Amino acid sequence: MVTPPIGHSAALLARFQTIRKQTESLCAPLTPEDTVMQPMVDVSPPKWHLGHTTWFFETFLLKPHLPAYTEFHAQYAFLFNSYYNTLGSRVNRAERGTLSRPPLAEVLAYRQHVNQAMETLLQSELSEKQADLAALIELGLQHEQQHQELLITDIKYILSCNPLLPEYLPEESPVSGPISGKQPKNEWVTVPEGLYTIGHQGDGFCFDNELNPHQVFLAEFKARAWLVTNQEFLQFMEAGGYENFVYWLAEGWDLVQQQQWQAPLYWVQQDGHWYHYTLHGLQQVDLQAPVTHISFYEALAYANWSGHRLLTEFEWEALAQLHAGTPAAGNFLESRRMQPQAACLADENFAVAQLLGDAWEWTYSAYLPYPGFTTAPGAVGEYNGKFMINQMVLRGGSCATPQSHIRTTYRNFFHADKRWQFTGIRLAQR
Amino acid sequence: MVTPPIGHSAALLARFQTIRKQTESLCAPLTPEDTVMQPMVDVSPPKWHLGHTTWFFETFLLKPHLPAYTEFHAQYAFLFNSYYNTLGSRVNRAERGTLSRPPLAEVLAYRQHVNQAMETLLQSELSEKQADLAALIELGLQHEQQHQELLITDIKYILSCNPLLPEYLPEESPVSGPISGKQPKNEWVTVPEGLYTIGHQGDGFCFDNELNPHQVFLAEFKARAWLVTNQEFLQFMEAGGYENFVYWLAEGWDLVQQQQWQAPLYWVQQDGHWYHYTLHGLQQVDLQAPVTHISFYEALAYANWSGHRLLTEFEWEALAQLHAGTPAAGNFLESRRMQPQAACLADENFAVAQLLGDAWEWTYSAYLPYPGFTTAPGAVGEYNGKFMINQMVLRGGSCATPQSHIRTTYRNFFHADKRWQFTGIRLAQR
Amino acid sequence: MVTPPIGHSAALLARFQTIRKQTESLCAPLTPEDTVMQPMVDVSPPKWHLGHTTWFFETFLLKPHLPAYTEFHAQYAFLFNSYYNTLGSRVNRAERGTLSRPPLAEVLAYRQHVNQAMETLLQSELSEKQADLAALIELGLQHEQQHQELLITDIKYILSCNPLLPEYLPEESPVSGPISGKQPKNEWVTVPEGLYTIGHQGDGFCFDNELNPHQVFLAEFKARAWLVTNQEFLQFMEAGGYENFVYWLAEGWDLVQQQQWQAPLYWVQQDGHWYHYTLHGLQQVDLQAPVTHISFYEALAYANWSGHRLLTEFEWEALAQLHAGTPAAGNFLESRRMQPQAACLADENFAVAQLLGDAWEWTYSAYLPYPGFTTAPGAVGEYNGKFMINQMVLRGGSCATPQSHIRTTYRNFFHADKRWQFTGIRLAQR
Amino acid sequence: MVTPPIGHSAALLARFQTIRKQTESLCAPLTPEDTVMQPMVDVSPPKWHLGHTTWFFETFLLKPHLPAYTEFHAQYAFLFNSYYNTLGSRVNRAERGTLSRPPLAEVLAYRQHVNQAMETLLQSELSEKQADLAALIELGLQHEQQHQELLITDIKYILSCNPLLPEYLPEESPVSGPISGKQPKNEWVTVPEGLYTIGHQGDGFCFDNELNPHQVFLAEFKARAWLVTNQEFLQFMEAGGYENFVYWLAEGWDLVQQQQWQAPLYWVQQDGHWYHYTLHGLQQVDLQAPVTHISFYEALAYANWSGHRLLTEFEWEALAQLHAGTPAAGNFLESRRMQPQAACLADENFAVAQLLGDAWEWTYSAYLPYPGFTTAPGAVGEYNGKFMINQMVLRGGSCATPQSHIRTTYRNFFHADKRWQFTGIRLAQR
């Protein structure tokens, strides 16, 4: 990972406090009972997210670097390690939902304990060594932001399993409000043939999987200016898209039949209308908004049906190099909409909508190492590299991504069958 | 089911209030997070037990018989039905652990709502119809007592899964105190050959599976005067009992190998000593106390190894006809020991210890209908009969059974592989 | 096991030769490819049956008792052991279908090799020791007869899996011929209350699970004079028997839904008519013949629906004591009908049809040890006792049972969900 | 697919006859029993391969294009369709091993019937239409060659499951003979940076997944001149490679533990030496020969341990453009060695050994569509495209690949966990 030089630790301290508080505020609407649920193995209980992000700072910063630090509890290292083999044994991922203790209140106390110690560390004298620590702290904060997005998607899944369909944010503004922004002028934008430099450059933070900028040759292609909408996806459904194998990869078609998929995750049909469960409760599907909660298989089947295709992650990054930007009204975690919204640009200079935020865009690129990829020694090296198999790359962030966490070189990755993230579709032209 | 004539409803009201309160007091030491756990499919979350026992009264008593009754919540009938097909669809048993809502506080409010309505019902005028209601109310109370035992065994399993090994009753007296009572004088007691009448007779309550008293011919046999102790079971373990197939049924031997059983459930070896998890935390195994948390397979393997055998349920009932009684110091739920204790008789007239309470005794009888068994029409008929396959009968109650719930004709039943109940071994002589 | 004194070994030799030849003749219609199939784990490949029955004689007779015997192949003991832990490791049951070698021809050569050695043994001088051997040989022959029945049912299952629906016995007489025999005069026969002696008595061969004749008290009951017919079972089907949970045990109802059972095994509906696969190919269902290939769950559901019940194994044996006999036209393996036939008595003195032969009758008795049951030391002790859990007793033999193999005390046993044996239903009156 | 213009059909006819005969000769050493085995779901029974390759010609050529053609059997289309949804329902892949009928002899008759009809078709008058047919016939022959390789690997797996460890080719020359050829002069060869054209060009046959030659930019890299040997892999094993998670992808490490992998497939340790099952029986591992029967996970773990990496498929193709060639002594199916052999070049001009033949080389490239990839309409379009997910590309062919079937643009693909193909490792330098 790469971290910018820190002018002084005050800025880092402020950022630390903001991000840590944000995590807790995301859990505020939950009951203690909600925070221990694990209704499927991909989902982690919110209480576990609260503990695990804290464990990261305790393990990588406080224990090795703050001499006076006293461990909060001897067994939390075992309880809150996620997958770091370097750091010893841990609770099995599938059994995170069996842990009622420590109770939520105690995990919040653990957070306070670690926060205070981190503040001590951050207020201590600057030194050479401090530069390395800053990089680790930044990694811890980025890590926590990743878990903020997972918190939102996991909470959504947890509450959706409940027949009472509870509302996470009952008081919030409706998901599909009037669209006040501008639309892209053209449906398709062209990206010219050429050698593009792919990967992260410059001083800002990035993960190791974005490193080693390298040249990739691309032929000319056209990308769609906005994401596939619910209306468009409904046309696919009504045209029998879920019943016709010709649009599907073989493994996807098997899933469609085993799982009896007939619509995106969270959709239900009632009285001839389609509704979907949102974090604001059950709502009628907003036809102008991007379709979301679809697997890679569904994204590709839609693309095949429509006569188009998906972008590769390299094409996506080239497109973003030419057209990205952060419109003031971007739909990120901070908007609290918690659902993608219809294409809507703050500035008419943008030719492409929804590049960042709204919905992660499935690419037809497998998650593989960039040329020259290496892993750091020790536990931090287990962060990304060991997952580089059988997953597909997604780009661009979603409505559940913190705005300061995303960038155009960011590589997210999930297995092709996953549907509980805010995933969507951008088309390319053959 | 059979119910005695009720003199007046005041006694029933008092019993109703006592039993309902008892259930809540059993949950008092739990956190809200504890009450939603389902770490294996056999275990139900404590919050679910609280709701389900309440649903029973709402469904079978209040809705049909209290005209002014207002349902607490329209969806609770769906959430808290256990297995009654007659009463429509319900949450899948394996998914009870996915329900964080309604929160514990609301389920307790549901209990209060139903309790008040039941009190209204119980205080209303006596009538012919009332007699039927009394039978249903008694069934509801017996049902709740069954769930009190399940609550204890489920809570034990839930907390045992937690690496912190929390204590449910930290302040209670130790499990293995000095034994102040008397021991049986002889190791074996003889039951003579003859025709015995098996099944429930008289006016008291019983379940439908105990009905139809009928004659069973038994040859003479000898039964052991006390339950197999931890010390005796340790000898079996040390003699390689878990490593030698000759003592085991074929399906049991497969389980031993798949599950790598080497000791009863909850036992761990540390520094050369055996400990077991109890509701008072991890404790050294009490050698004089009965072995518990063993499957039928282990019970039979022990019997085979020792050169003896298990009783049939008919032999057990004949033994109990000759020797049962309720010593004042019986070890039931009310003792709060929550663990079987060493053989200990209050009265030297008893020849047999531990017949009632301490540990359920596996018999080598399958759970089958008595001659003439019939099921009641409607949902109540689903109570027992539909489980009469592939389960073994257990007799005598345990340290988690409410004292007023057990009797010598009581037939409990579990699959041969289950270990999370307080199950033990009484030997018979070949 | 008990064996009658053998007058001279000549009779035993003749019996040995007849039974061994019978096994081979049952495999004669098969291709080599047929003989290695294991389409489900309960089924063993016919080639394996051929080898395993031979291995029994090699292991228990020739190796210990014929000094000059040379083993046919060093690895056959490993390949053809079924489940005897005493005799060491073996091919996993589920993997018997992965063994293409040794080819069929070599297994037939193995049979010849062992047959010749057995003939040498049987022709050797009589001695004290010989009496023990005769018992073991008789056990081997009874064992081979059990496998003859399994061969028939396994072959039926194997061929039924093939979309070509091959005929095993194309040239044989049709299953449902004109019924030339007599019918019982009354629908129900009464068995009076009393103490009955259950279990094998006398000198003839029996298995260890039939031993220890003992008294069982039975109340008066009525048994149906013939087995439930296909026509009667069709009425149950047409009345929605497979769609209504009230008739079913809970575990049975789960199976009905998981496996989507709608008819007995092998039944298919075509153009409004019901056909079933038989060993003579696909045939229209014979309405007068007994229903077969049903699980215990279906038998009990039928009984419940009809307002009757199943017999216990003790009732069955009492009924047989009063009414059994072997009509000349009994429908056993030797008839080559390979399908139960309509009730048909050779002699009007019989009040009950189909007691022996036609279809095994599910009883509502679990397979448990008789009082005083003990197992023999060594491998032979693994024959029966270790299966005494989670299985139901069937009585009376079937159209695939060799006539000389069955008797009224014979206890067959299968898990309640099994359907590939020739199983049927006899009703009792409540 | 692309097919060269055919001068006259005589050449095609000769090629048809040779390839068809080759398939049968590969099955000649098998017993009928061998030809129906399916010990794991990836393996198809040899008899099925014989039928399926024949079905291809019947379905795509004879039925639509030979008017006088009479179908051999109405149900073979159902029995021998592999995965073409376009062509209707079929036997489930996992159930191919349940089909004993039609017997082997009849499938061979089916082959003859189709061969004769194909010969009629190939001898008929040339026409415009003929050109299309030639392309389809060529596809059928390439398809059959693919199944020849699968036949060899499936037969190996089938026989390896048998405790008798039968020899498929007992009389053949030993696998590890004296190496008579030349070795590469340098351990590493450099491929310079540049834009390479990847994909098939020219007139020869190729599959659709190789089409659309396109430019790929590559940085300079070094490739190893020979494949990783058994000796080198043993060093990895002895250094604890299978016990240390740091070398493994997370999903691979899970597999290592679940499956208890400790060596390549088919390896067994006896008396301190390593042996492996080969098609010539159990043999001591040849230390100079390439390691084979390893998963992608093992290939990558080895590369990580050795401080190197795997090539991408684009790097491999660039390497092959510079260094490929077909030495006369190449180790393909035709050599009948059936095992990779030590590096051995016929000509000293070759800098790189084992590029074609010996063992398929796992690349760290996922199997994805080339830019502009499209599928043909109809069933032929299901050939490749629908498998483009969750598989890794392998390059270069193996000792089981027919020599005329392989080329440097050929893309083979398997899931990362598969080990029953002849797979190996070529290293690149970081």
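As written, the chains take the letters A, B, C and D, and residue 1 is the first residue of each chain.
Definition applied: a residue touches a chain if its C-beta (ideal position, glycine included) is under 8 Å from a C-beta of that chain, and two chains touch if they have at least 3 such contacts.
None of the values given here were measured: they were computed from a predicted structure.
Novice: Among the chain pairs C-D, B-C or A-D, which one reproduces the interface of A-B, with more than half of its contact pairs identical by residue number?
Specialist: Looking at which residue pairs coincide with A-B, the repeat is C-D.
Novice: Find the geometric centre of each of chain B and chain C from their Cα atoms only, then give the gap between the two centres in Å, rounded to an integer.
Specialist: 39
Novice: Quick one: chain A and chain C, Cα centre-to-centre, how many Å?
Specialist: Inter-chain centre distance comes to 61 Å.
Novice: Can you list the residues of chain D that touch 2 or more other chains?
Specialist: Answer for chain D, listing residues that touch two or more other chains: there are none.
Novice: For this structure, give each pair of chains that are touching.
Specialist: Between chains, contact exists in these pairs: A-B, A-D, B-C, C-D.
Novice: For chain A, which residues are in contact with chain B within the complex?
Specialist: Residues 31-37, 39, 47, 75, 78-79, 91, 95, 97-104, 158-159, 161-164, 166.
Novice: For chain B, which residues count as touching chain C in their complex?
Specialist: 83, 85-86, 195, 214-217, 219, 245-246, 248-253, 296-297, 364-366, 368-369, 371-372, 374, 381, 386-390, 416, 430
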